[in-house]
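Following are the structures in question.
Two complexes, one shared chain (chain A), two partners (chain B, chain C).
After this line comes the complex of A and B, so read on.
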């Protein structure tokens, strides 16, 4: 637990120091992030045996105090957060195009990191509300770094995020009024299936789905994520929407009675398939490059939603593993995709997809990063996305009565292949290439590729990870 | 009994009427004023429900500071376009709201007879917490982590507003009466803020309320032109804003790595540490809120 707390404290302290001294030095953040990553890895090492470490804050046991729990999944997510933040800050420091150079991006991204770490560790419904507030406010503050054009989408995001917070808080208030406890484990022991509890769960779900941009409450996401500076878009898509998803998964997998879970599971699963299809369709049609990548986030979150739905419908814990593998693979791939897309659109001087003509020739590295990351999103072997899809598909294919669900996965795969190949085909159209405004920045393109390479390497690491998750639970 | 019931019923009706009027009035300015009145009535409602801490916070922040912020935003906004929702939308929203109301009433109704275990637990551990007021004990000891994160939320609000790079408010030349009044009000706000802070350990009050009252004093002085511009790039200002979180984090981390646990105050030191945190938090809240409302937005790059 000590290492996990260190991984949370370091970014928070770094943010304070950066603000106090008004320095905008990226190197400080990179060094702090490396330290936080090492601490997170130590935390992961500590739970290797599957032991769950508990910490009662202030030594007050729940229900009086707040409980932290460091389990296998939390440790993996701490490493994931620190890794993504590190990769993005290195890019933001090195690239000419990240538009975050002389801004408050650095302290804000550290605060984002700290709030996510606090969210992964906490097991208290009300404490989660505060971490959600922190996440939403940081996200909005980071979006408006990119200037007045981002103000409108950022304001929409802020208002929706506040409405979602209130919805969530009302749900928490109902549960607290009914059972008198906020700790998720204590709540799981006393919860019963009655209309009041169902209403509370509905409110929690509504708030969390809005915050996580899960279909059909995703409309705010494409504009907001596309308007942000490139490095921020990567952080938002890879990390911010995963926070509410974690709480949603936690709430449904621990609090819902099997009967209620089964009913809701079908709805979640259908919403997931709808997200895959409609997000993919919108990504195919949009003329703007970053909006395309943002819609792909909407679509990919559909897999997570589908996995959550099937987890609840079949009460099959394997699906949780599929869900979190999707989250890890999507996070890494999406960082690469956003950074590659941002690098290309800044160098080519246009935000349109059609401006990428000949990019495979003029900016081969960034295009390769985009395509490699896209491969993982489609689920081509041997990438992280493929492994996640494999874990999801296995129980679907074993039982003939489950086959219809595989059709949903197939549709999703087709849609993602559609939008990735749409970009790739334009990039290979070398007849009339759009020439870059200036020399492409090779180092930045390599940095954009790095997360994509890691997600392909994930295929090699996944087997021990899956076996470990199966052995010790999440 | 009957007189009380009458008062409560009148209060509820007033609240509902004010809320409806705020939403549906034609002029933005009227809506803001109505919203401030709504905040005051809400504070009264909290006081009637016995939640004095909430009432104080609502009056100071909900009615006071948010009112000032809305007025400041109104001053910066351009001429308003008169928009009226079409009747169909209005009817649909009325229908939706009544449905929601029925649904929520069903959810709330069974809660009336529930007895929660936590208030008793809080009371039984009150002696060990270092303070004698249950709300302060929860905020600064039992669930101090929530409060720490709330201070970060306030810091983030300030940082977020700074990213907008909005132009400075053009303050009109102060009116002599305002100047004379603010000379009277400022010392009062310090006395009341200090009193609320001191009271927090044993009765309703505390850092958030005290900070809001102090900020109100600072804002009045600034509007009257009696304070120099409040600048983020003057380092003591930043130190004040960050002080609350920094001290809180230091105590938490020191407790974990040197003492007995994260945010666990050493026995006997509870009251001292809580008071220190409350003072730092009050300063940090007061300065943050003042910067949010009347902060100077011109930037001198470091």
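After this line comes the complex of A and C, so read on.
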């Protein structure tokens, strides 16, 4: 447990430090992220050998104090968060185009890291509220680094995020008034299925879905993620939207009574398929490169939503594994995609998809990173996205009555193939290539490729992870 | 796992082209010698390794390599008799095509990218041939799609990109269907290794509809690459690719991957008995027969040489499916032998078409008049290939058709003979005019676009030697496959061995 806490406190302390001294911020943050990653790995190692660990902060037991819990999923997510932060900050430090040097990116990214780590560790509705607020505010602050053009989408994101927080807080207040506890496990013991509780659950869900940009409450995401600086876009898509998703999954899988969960599950699953199709369609239509990548996030969250819905509908805990594999694979792939896209648009001097003509010649590495990451989003073997889709498909296919859901997955696959290869095909156009405004930055392109390579390697490393999750539960 | 050379040989065969391919990507355009050296080194290394495996399998050694991948489905590379048939074909044709491509692409841009993807494409093909279970097969099947796309759009023209989009729409859709089929079957039994006679027998009672749907999904997914109608639309478009790519695409890599997958699914996943019992053989047979006739009819209408050859592939590859779908031992032998025979003949024809286009600028059929006097060796090779396709004895094509006919009679599907005869006549109708024009019509005063690639004299100097040598090499191989069909080293004899195991003869 102490290692997990270290993984949280190192970025927090670094953020505080950077508020005071801003010399060599990039190097300091990279070192801090590395340390946090090592700590998270130690925590994961401890969980793998032992059982779940609990920690009551300041020795105050729940319901008075704050309880942290370190389970298998939390440990994996801590490693994942630290790894993504490390990859992105190295890129932000090394790339000529990242536009984050000498900005508030460095302390803010550490703060983001710390709030996510706290979110994964918390098991308390109000504590989650605090981490959500921190997450949302930090995210907005990071978007506006890129200048006045981003103010409008950032403001919209801020307002919606606040509204969502209020919704969530209202739900928490309902539950607290009704049961007098906020710790999720204590709540699960006393919760009953009545209209008040259902209303509270709906309020929580509304807030969380808005924050996680789950269909149909995703409208703010493409503009906000596309307007941010490249490194920030990567963090937002890979990590920030996954926080509320975690709470949503936790709340529904522990608090909802089976009958209610089944009803909601169908709705979630349909929303997931709608997200896959409509997000994919929007990504196929948009003329802007980063908006395309952002819409792909909307679509990919559809897989997670579908898995969550079917988890509730069938009360099948195996679906959780599919859900979190999607989150891991999507996070890594999306980092690569945003970094590759950012490098290309900065070098080629245009934010349009059509400016990528000939990019397979002029910027082969960045384009390759984009394509390889896209392969994982489509779910081509051997990639992390393929493994996740495979685990999701197995229960869908075993019973003929479940086959219509598999059709949704098929549609999602085809839609993602459509938007990924739309970009790739343009890149092979040699008729009239756009010439780079200045020399492509080779090192930065390699850094963009790295997460994509990791997500493909994930295919070969996932089997132990799946078996472990199946054995001990999440 | 104990690692010995027998476990490491299958991945070594895949890596022998994969690693050089990755190295080639990193080369600068002007490092021509290093690139050629790497290419040839990889080709020869792979041939040597495949030869080693052939000898080992002859001695009864088992080559198997496994990595954990999915619960219930490891990543397995396994060298059995069926895979060796395909691996040897790929390795030999890769040698010829590499030499051809080096000659063909001289002085053209982006060679490192081309040869990099070229090597990846062969690695994927070989991996697919060695795949020991469905999950592994699926993995390499998708990788093959990804590796061939850049080759197809290599020229980067509007037309090439359009063909590329059509190709992707077909193959990615097919890949998704195959994935669904494989995942469906996996959800019932996991993915055990391929075995003669299949592994679904125990499920047949409880899960009959699921098995049928899985079969239909897999065949549809594989049928895209094998160009079964109505999924063949990408293949005629794909002929905009450079000639070596077309040759590889039509002879080994893509269409054969589909046909080989159908062989695997019918023989080693379902087993002939179950395919028969589930009533799946007849629809497959009907589709294959329809494709044979349709492809030939369309070929007859084409005025562009490469397009005519492309439709001829649609027709000829379906002989393999036809042989498999007849679910009899003799037809099975024909199918497996035709996998090799068609590859050798078609690769020759595409090389010849490439030579005509590169040397004299001939793209259309009416431009072929008198080409036999200017390029007698290439035209002779073309003639032999075309006669093989028609099925004139003693060519390899005749052997395939003879056995197919016998196989059809053996299982009582006499109407297949009619299909074979009609298709043979149609083949003659679209190939004989070319042969006639080439030899017996007078040459034009000026060729459409003549380039000085060789000495310009008919014979050994009629074109660049790197374009001519592969043609002669594959022609001789195709001839030998027909003439020596009765010997022990022929593709036919090897197919007989595979089929004897399958049917327990």
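Heads up, the rule we're going with is that the second predicted complex is superposed on the first by the 471 of 474 C-alpha atoms of A that agree within 3 Å, B and C clash if a C-alpha of one lies under 4 Å from a C-alpha of the other, contacts with A are read in each partner's own complex, and residues count from 1 in each chain.
Here is the rule we use: a contact is a pair of C-beta atoms (placed from the backbone, for glycine too) under 8 Å apart; a residue touches a chain by one contact, two chains touch by 3 or more.
This structure is a prediction, so every number in the text was calculated from the model and none was measured.
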Simultaneous placement of chain C and chain B on chain A, clash or fit: fit
Which superposed partner A:463 touches (first chain B, second chain C, both, neither): second
Touching partner for A:9 - first (chain B), second (chain C), both, neither: first
First, second, both or neither for A:421, with chain B first and chain C second: second
First (chain B), second (chain C), both or neither touched by A:190: neither
A:23 touches, of chain B and chain C: first, second, both or neither? first
From chain A, separation angle of chain B and chain C (C-alpha centres, steps of 10 degrees): 170
Partner touching more residues of chain A, whether chain B or chain C: B
Superposed arrangement (fit on chain A Cα atoms) - minimum chain B/chain C Cα distance in Å: 40
Overlap of chain C and chain B interfaces on chain A (superposed complexes): none
Residue numbers on chain B that touch chain A, as the complex places them: 103-104, 106-108, 110-111, 114-118, 121-122, 125, 141-146, 149-150, 152-153, 155-157, 159-160, 162-164, 233, 235, 238-239, 242, 245-246, 249, 253, 256-257, 260-265, 301-302
Touching residues on chain A, where the partner in the complex is chain C: 358, 360-361, 364, 375, 378-382, 387, 390, 393-395, 397-398, 400, 403, 406, 410, 413-414, 417, 421, 424-425, 428-431, 459-460, 462-464, 466-467, 470
Touching residues (chain side chain C, partner chain A) in the complex: 67-71, 75, 110, 113, 135, 138-139, 142-143, 146, 149-150, 153, 155-158, 161, 164-165, 168, 172-173, 175-176, 179-180, 183-184, 186-188, 209-210, 213
Of chain A, residues touching chain B in the complex: 2, 5, 9, 12-13, 16, 19-20, 22-23, 55-60, 63-66, 68, 102-104, 107-108, 111, 114-115, 118, 126-127, 130-131, 133-134, 137-138, 140-142, 144-145, 151, 170, 174, 176-178, 180-181, 195-196, 199-200
